[in-house]
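Two complexes come next, and they have one chain in common, chain A, joined by chain B in the first and chain C in the second.
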Partner chain A sequence: MKIINVEKIPEIIKKWQNDCEVFVPVDNEGAVDFIPWSEGSKITLEGNSLVPPKKLFFPQTETLYKYETKGQSANVIALEEKTAQRIIFGIRPCDLKSLEMLDDVFLTKGFVDPYYKLKRENTALVALLCAEACDTCFCTSMNIDPGAASGADIVACKSGEQLGLQAQTEKGEELLNKVSQLTTEGEIDFKKAGNFKLQADIEGLAEKLKEHFESPYWEAACRKCIGCGTCTYLCPTCHCFDINSNTRGDHGIKTRCWDSCMFSEYTLMAGGHNPRPGKKERFRQRFLHKLQYFPERYNKTACVGCGRCLAKCPAIVDITRIITELREVTGIGTGNVESVS
Partner chain B sequence: MSNELTTQMRELAKKLLEEEKVQMVIGWEKGSLPYHSTPVFVTNPEDAQKLIWDEYCANNLASYLLDYRNSGMKIALFVKGCDSRAIVRLLQDQQINRENVYVIGINCPGIKDNFNPEKEIAERCRDCTHPEPVLYDEIIGEKPDRASDKERFEGIEEIENMTPDEKYQFWQKEYDKCIRCFACRNVCPGCSCRECIFDQGQKWLERRVVSSENAFYHLTRALHLAGRCIECGECERVCPMNIPIMKLNKKIAKDIDSLFGPYEAAVNLEEMPPLGKYKEEDPEEFM
Partner chain C sequence: MAQEMLKASANPLLPVVCKVTKIVDETPDVKTFHVTSENGKPFTPMPGQLGMVSLVDVGEAMFSVTSQGEDHLEFAIKRVGMLTDALHEMEPGQEIAVRGPYGNGFPIDMCKGKDLLFIGGGIGLAPLRSLINYCFENRNDFGHIQIIYGSRSPADLCFKDDIFNNWPKQENTRVDITVDKGDENWTGNEGFVPQILEEVNPSPEGKVAVVCGPPIMIKFVLQSLAKMNFTDDQIVTTLEMRMKCGIGKCGRCNIGSCYVCLDGPVFTLKQLNNMPNEY
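Let's look at the complex of A and B:
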């Protein structure tokens, strides 16, 4: 393992930045965000970002191509692809896991999204293991290890003022070689986060939910939801989008933007019919997508326990409670959850 | 939760439901974390035990009445001072029938911010003008012995003193943070349009999250609430991106107050919003 004092992290990043852009978690007026590092950026090694790093692979607003019309003909103009290499420094194990799910959506089952693929291939990931859980964290309930980072090129862990860096891929080796003069060989005493305040047990739930689409539970559970899109936009696994054209005269752009199943427009059809007309249908969709449909299609629960949805929900809709309540509704018992409160 | 107000709330709710005076009681229950108190909708008397009152009962429950505006249901709900003004808002806007709502006022000692639980008191409570509810059927809790430590329009002069360019830069920087989750709209008791302008198939607002669209969204909303904003601060509380939404709302309230006032929205049921009524002596300097 390579060791460096945390104060020296900017020096590593500066070195890396000679060849590529490095995104780092920075505390920006109380909200941590992944932004390109620049001289003076204050990197935060505590907690997690407010908006998940999915935005670096699947931006909220993305221009896909341009077009122009001339008389009866139309031209599609491809955008110049950005092929520059990027590094994300400080991605947490939960968010790393969410990328596996986005990979499933954007790269498998016979569909390959070139925009996503390019960004994924051009990005090296330096994961930061978690020594401390936030109040709203429950990754272990989603079978994610806060002390491991499979899929990362480099794994970093912090203990006191020391940061340990371990390459997991060739790309990671190369990056560490570039900064070898700044690091020393050694080991650090890292203890992963243990005290999780929230827990939920998803074992066996996906299968059972199939029979409870019409359960009166949804009507009661959805009441407090205000129908905003905060949970979906801050969720690292939510990936719904909408494609639109912006035409000005004889030219325009095609854009792809995040969309949310919590919005009435999301399922509104051209003729005016809305198959999910109200709060109940939208609320149910969000939870069933995470807990039943995604597991059915990709064999993974589309929740990584990052807790962002709960942390920022205006009405404190708590997915761990919903999972626990759904266990009761489906009759599979409270599950393996220690009493926490 | 064993404070006196909690006990009173549970007894009241139980009685109202048992006597079938209402079909639902909206209050707060405890969430998973100590600083999480979350809305609860009680429909049977036994569940009245879920109700609690503590310093984290932040949500303005009145906005939920919009979900039941066509149901004909009789609903009881608990309101703090600011929330009671939301009831007035909904009544003046003819969104609810007075006889279908049973309002239980709570003399509010000021609450904490569940998103910033380390703060002694929620920022929005610091300039509270109505800790005592302005409208209620019955009221619980001791009259609060507290004074605001902030004037109603304190801090607004900072914006007023900016040059147009500075103002533009200030707001553009804030609006660029917006992710357009619409939490500020959805939580607002003044946002009661059956079909919001922003939900009309991008006729008015593009889905693209870019400066111009974000500014259009925020400015439209602020102006739509001109003279109607009850200054409860829910929009700013729920904004995940920490946009100072109330700064603009307060600036507009201040303008309304100086042009047509003194006026404070939804404090008195009889006093309609200045932009919602005609008065001969209204200023018309621009004519």
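Let's look at the complex of A and C:
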């Protein structure tokens, strides 16, 4: 393992920045965000970002292609590919796991999304293990280990003022070689996060939910939701998008932007029919998608326990509580949840 | 490595520019558009598959490909919203953008060697027509073909040349047309599609029923078919949903864990009965 004092992290980043862009978690007036590192950027190694790093692979707004129109003629112009390499420094194990779900969506089932694929291929991942659980996170309930980071090129862990760096791939090896003059060989005493305040047990739930689509539970559960969509935007596994035209004069760009199943327009069809017309249907869609539909389609639960949705929900809709209530509704018992004082 | 991924052949979201070569007025609110690209057909769909059609500066929407020729595709489009309004304002020569094909299409293998009963209402005949034409082009692969089609009024009947001239002339084929209410020149059937279906009273023996139309028609047609002892795996229908990507990523066209753009739009009634009732 390579060791470096946390104060020296900017020096590593600077070295890497020579031939690629490095995104780091920076505290910006109380909200942590992944932004390209620049001289003076204050990297934060505590907690997690407000907006998940999915935005670096699946941006909130992204141009798909350009077009021109003139009279009756139309022209569609493909974008030039950006091949610059990028590094994301400090991605947490939960958000790292969410990339596996996004990979399933964007890269499988017969169609590969080239916009996502390009960014995935051009990006090296430096994961930062969690030594402390936030008040609102519950990754272990989603079978994610806060002390492991499979899929990352480099795993980093912090103990006191020391940061340990371990390469997991060839790409990671190369990156560490580039900064070998700044690091020393050694081990650090890292203890991964335990004592999660929030817990939920999803074991056996997906199979049972199928029979409870029409349960009166949904009517009751959705009541306090205000349909703002914050949960979907902050969710690292939510992947829904809209496609729009933005025209100026005789040319324009086709863009896609994050969309949300919490909005009525999302499924509203020309002619007025809406298969999910009310809050109950949309609320049910969000939770069944995470807990039943996604597991059926991709064999994974579409929740990584990052807790952003419940931390930022204005109505305090708590997915761990919903999971617990659904266990009761489906009659599979309270499940394996340790009581935490 | 990652070369040219955003270019046409590797990018399923990038459409092909096509020219509208012919526009047919089917009814007061339905037009059929013939489209062809520089290299002929933009793609070759199987019956029941879909194409994403766009006026690049207005928007994109998914339509079934109602028919195809050597070098063109046909889309029959009803005027119901912003994009379809704009499409209906087009003149021949207009360039649009098209991508596809999407969806599973009709289960040709399941239909082969069987008698086919097509039941359509209004614009619902558009997707059925792709399979009907396919059957006539491969006539020996299919048994008796029966088509029951209805609309609100004689003026609202789509594909008049096919339903009155081309199809009834085909061998081993029966076409029954009905309208909810006729006009002074109408001498044919009057009544709803399920009524005509019950009068015709087809036997389910060796048959596949392919149904598409407004929800209220489908509801009563399914009741009638059940009465005639059609089983749920003998009944096939094709669904509509709002779609943006067409490739199973954007999320909105799901019914439970199925995506209509990938796993549909064609489903048997048996499959639909196993899915949440949310379409």
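Throughout what follows, the second predicted complex is superposed on the first by the 337 of 341 C-alpha atoms of A that agree within 3 Å, B and C clash if a C-alpha of one lies under 4 Å from a C-alpha of the other, contacts with A are read in each partner's own complex, and residues count from 1 in each chain.
To be clear about the criterion, a residue touches a chain if its C-beta (ideal position, glycine included) is under 8 Å from a C-beta of that chain, and two chains touch if they have at least 3 such contacts.
A quick note: this is a predicted structure, and the numbers were derived from the prediction, not measured.
A.B. asks: Taking the superposition as given, does A:K312 touch the first partner, chain B, the second, chain C, both, or neither?
C.D. replies: first
A.B. asks: Any idea whether chain B or chain C touches more of chain A?
C.D. replies: Partner with more touched residues of chain A: C.
A.B. asks: Give one of first, second, both or neither to describe whether A:K117 is in contact with chain B, with chain C, with both, or with none.
C.D. replies: second
A.B. asks: Is A:D242 touching anything from chain B or chain C once the two structures are fitted on A? First, second, both or neither.
C.D. replies: both
A.B. asks: After superposition on the shared chain, which partner residues are touched by A:L268: those of chain B (first), chain C (second), both, or neither?
C.D. replies: Both partners, chain B and chain C.
A.B. asks: Output check: A:A74 vs chain B and chain C. Expected answer is one of first, second, both, neither. What do you get?
C.D. replies: In the superposition, A:A74 touches chain C alone.
A.B. asks: Using the superposition on chain A described above, determine whether A:D259 touches chain B (first), chain C (second), both, or neither.
C.D. replies: Both partners.
A.B. asks: If I apply the document's touch criterion, which positions on chain A are contacted by chain B in one structure and by chain C in the other?
C.D. replies: Shared contact residues on chain A (touching chain B in one complex, chain C in the other): 242, 244, 259, 268.
A.B. asks: Sort out for me which residues of chain A touch chain B in the complex.
C.D. replies: Spelled out, the residues of chain A in touch with chain B are 29-31, 50-51, 60-61, 135-136, 197-198, 220, 223-224, 226-230, 233-234, 242, 244, 246, 255, 257-260, 263-265, 268, 279, 310, 312, 314-318, 320-321, 340-341.
A.B. asks: Which bits of chain C are touching chain A when the two form their complex?
C.D. replies: Touch residues, chain C against chain A: 1-8, 10-17, 55-61, 80-84, 91, 93-97, 240-242, 244-245, 247-252, 254-257, 262, 276-279.
A.B. asks: Flag every residue of chain B that touches chain A in the complex, lowest number first.
C.D. replies: Interface residues on chain B, with respect to chain A: 31-33, 36-41, 59, 63-64, 67, 114-115, 177, 179-183, 185-187, 199, 201-202, 206-210, 234, 237-238, 240-242.
A.B. asks: Given the complex with chain C, which residues does chain A contribute to the contact?
C.D. replies: Residue positions touching the partner: 64-65, 67, 69, 72-76, 78-81, 83, 105-106, 109-115, 117-118, 121-122, 213, 239-245, 247, 252, 254, 256, 259, 261, 266-271, 275-276, 281, 285, 288-289, 292-294, 296-297.
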